[in-house]
């Protein structure tokens, strides 16, 4: 089924829905997503009951969440998919309804997209970071992300460099010393044997 | 020389089991106390062995150390955090307890002193020369012959206890 | 004056299986709550091997990501190469010569043999067999890896496929050796099955453990042998018929129960199908070029390869399930967005559902039967 | 019961076979036993086997083929190659590297440098027993450690060597023909032979 | 022949004779005891060391590997190298551990493993103490292992250790019952608890009148051996130390020599359990042509071989399945086996005896199999989609 057909069928089903075709994908509003997906899943014509892939793309002006739907029930002919759905949200308030109630398979993929791109999937039962650790700041796959400690020198590095006759700028040294002190403090606060 | 060594050995074992018995009541950690109880029971078993009551000794080890104590320790381990707790070893009942204990010691001592030990000690005098009055064979005959009824009654009671424990422990 | 007795109830025991644990297949952690030995809750925790593969790829030429895909599922580098090459070919609309298609299928199916045989070996290790099945499996795997080394130059990190074809042609006489392996493989499978399939202990341990129902398998996007063990008739080789798979004859084994045993058996049966595919391909392999001449020009300058603006989702039936690559090109030598749909990562979604109510020992074999590779899960 | 017994039969068969069907030396052709006694016994090296890269020179280490064009450093996926171009006394750049470092701790043996090199100057070596007393410095290989003669290449990869020599000969002839056709080439330096 | 048969006994006698020349009689008794103790104390660890070598070699061969082969010829010095390694390793005690108990546990576990050697009849006249309750002594002392494992698992303060400890106790306590019951037929047939008497009762038929050749003896042998395998935590019953599930079970937190002691206890009990099985049902040191101790060693090592062969072949059972096997299959069958043994001695005529006992055993095991249906494997058929 071509995207245009799908678009016309969806428009017939949901009057007033706004769907655009971009690169063979159907772009829609976040609030329409769930009912469209539910319809695609249930209607005997589509039976798109297999959510293959969820991902997010950062297009700088906006974030986009992409869904690839296939059909398992339908035998391998043109209706088997894929139907690609896209949803665009602004960068500063990226909120999309979660697909977990419809597709269990969205659980980890949405967590991954949240972890990497920072899209908040509303209604997800357990939206936590999945790969990065708790307390990590920033979203690594956004285009404006810079690795946080790309040019941090630790005290051992400073010592090594100075031993080899490299002059280390004072602010780097300052930071390395702070790091070292923080480490020392943390070690001093380590619970004693008894507390363990 | 050998009798002296044997006596030394027995007194050593006795002393150790006394120490272990003290550990049972004095140690604050319940797991350690249970381990001390194992030590005491083993000491008693060694005593039986020295008295040539091998069967009793072995059964002591098999039943008390192998089974009963295992279950006791199992219970300790399964009970949440009981192994970590320290429980005070004295309370206000210490004094009455001491008095009761003293009375008990007097009673036992009196009994010991009153008993006529001459039949058992016989002529030779040394512990090793005393023939054990019963052996496994006779024990078996007695249990399954003369005393078969009480023996069976005991086993029925035990079975009832077992089933009762399962009924009590079952959640549903 | 006696203190109130404190009632000590037995409560749940929280155990962290992993990240350093003999059978979490890498640095994977399961936070398990136990009641006795029965699992009441299980939370998978991953990311210990996370290296942001996607971000690395977005800062690299298209070809530069090819060796990184080897390291996704490091048991099946050829399949990963295949998926990535397919996605880029879809993106840039590149034809692949016939001979290259055949060789790709040979490599993909050999990889499937390697993967399935090792997975079963590892599953048996999780079951407590003392390394015998895994070492028999590795004995056969070694022969195939030897072929890979001869063809691609490396045993595991093959980096062999190129957009529009292959890096190098097959060396002479290697086809005969592949034929010999393919001929000998059923015999090995018979031995392997004799050791395992009817073994009562294995049956007792695996049957009716970790049952994945059909509906959950579909809704949770489970793919690969795991889905087929639950009766989901979905094999991308059949559905998409990519490369030359639409011309080949093979059948898709389907399980009925969806337990660990079915997952084991489906892999065995799939290996027999792979052997069948290999026999056909080896008989028909044509002569000819191995790379599209248009793409051969980029061999010396990978950075000059700039696919047109657009996006593509290419997917293959990797041994672990659907391996998809979603690429967005902005017309520069580097992809704007590169996303991996890692099968074993998504198959982990249902781990908790499968494990609850079973024993710790079952959780281990359920994890083993899901067949995860942490390189791919944590990508 | 019978499944277990059959499995035991199979393991016993393997046990016996390991005594009576020895492996052919230096090959994977197995009878019963598969262990390769590694340092003494080795599998024959595959020609296409690749491990860490090395730099090739033809006759003496001075005239290496590398012209410090930096293509490999750019294409290297993990960016483990570091090149500094050499200058002559006047400060003009020379067509050879002054520094050529490869960090073997980072290198992932993909062979893309070899593919990308337009001058056939860098190739993947068969040497895999590379080690060092610590984790950083001793595994950064410098130019003097990386340089190996063309004869080494001919030894490890005879087929490729023949093909590349042929190609280089043809290119050189073409260049010479072009140089002769043009009477006065501006700064026509022959490629470093 | 008799010279070879009694060579160890006579050499001990010779030493004692030599000693009696310049020592008082009392001291001779002590020397005699010391020789026996010394022999066992040397034999136990030595056996353990070479059993590790034997297992590695055997499992290696099963897996088409060579096994240890670098230290000494055929890797024969490997156990010694391992011993040196173990001794020089750092001894790690976890921070939260109960240090005293943690230290005591591996010591305690070795003692019963060594003690049981004293009632094993290695050959004719070659038993350290011929206790008239030798078999009971063996079972009682080996029951002590449980306590030691408990101590180790509790003192480590590790959840995996604790799980391993609980599994061990459940397993050892359960399997002790069918094990004792499986030994009863041999006791009934020989009329004695002494290991030597049991062996002597199997002495007819040119040394081949082993109990295992009778129906009840065969079943008893299998049951006792299986329970023995479970008692020394070997595959397929090695769930207390299931490395794929609970890391290493009760000895997760042990390293260095303490770890070696756990292994020593395990391997010594592998040997003693095999020796006891051989004693009870395979005629111990009885057998034609060869010296008695050679027969004993052949039988014992054959059983050890089978244990290691199991290890090379089988996966492990789950906890509940293993308990089910003990309580729902082995226990009833051993009880029936005792009954069959009684019948065997109260009936006459070979045909009737054989028919009755084989019939009862077959029917009862079939009925038990039926009762254990949920544990039986299913037959599966797989469909193929085109």
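Every chain is named by a letter (A, B, C, D and E) in the order it is written, and numbering of its residues begins at 1.
The working rule: a residue touches a chain if its C-beta (ideal position, glycine included) is under 8 Å from a C-beta of that chain, and two chains touch if they have at least 3 such contacts.
Worth saying up front: this structure is predicted, and the values here are computed from it rather than measured.
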Chain occupying the most central position, where position means C-alpha average: C
Pair joined by the larger number of C-beta contacts - D-E, A-C: A-C
Label of the chain whose CA centroid is most distant from the centroid of chain B: D
Between chain A and chain D, centroid-to-centroid distance (C-alpha), Å: 40
Rounded Å distance, chain B centre to chain E centre (Cα mean): 28
Separation of mean Cα positions, chain C and chain B [Å, integer]: 62
Euclidean distance of C-alpha centroids - chain C vs chain E, Å: 43
Per-residue overlap in chain B, given as positions that touch at least 2 other chains: 78
Contacts with two or more other chains, residues of chain A listed in rising order: none
Junction residues of chain C - those touching two or more other chains: 132, 136, 139, 195, 198-203, 233, 238
Chain E-touching residues of chain B, taken from the complex the two chains share: 1-2, 5, 29, 31-32, 35, 38, 54-55, 58-59, 61-62, 65-67, 69-71, 73-74, 77-78, 83, 135-136
Contact footprint of chain B on chain E as seen in their complex: 24, 26-27, 29-30, 98, 101, 131-133, 136-137, 139-141, 143-144, 146-147, 150-151, 154, 162, 165-166, 169, 172-173, 176, 193
Residues of chain C touching chain E in the complex: 13, 15, 21-23, 37, 124-132, 135-136, 139, 195, 198-205, 207, 233, 235, 238, 251-257, 261-262, 265-266, 269, 359-362, 364
Touching residues (chain side chain C, partner chain D) in the complex: 60-61, 63-68, 70-71, 132, 136, 139, 142-143, 146, 149-154, 157, 159, 167-168, 171, 191, 194-203, 299-303
Chain D to chain C touching residues, read off their complex: 1-4, 6-7, 9-11, 14, 28, 30, 34, 43, 46-50, 71, 74-75, 77, 108-112, 115-118, 124
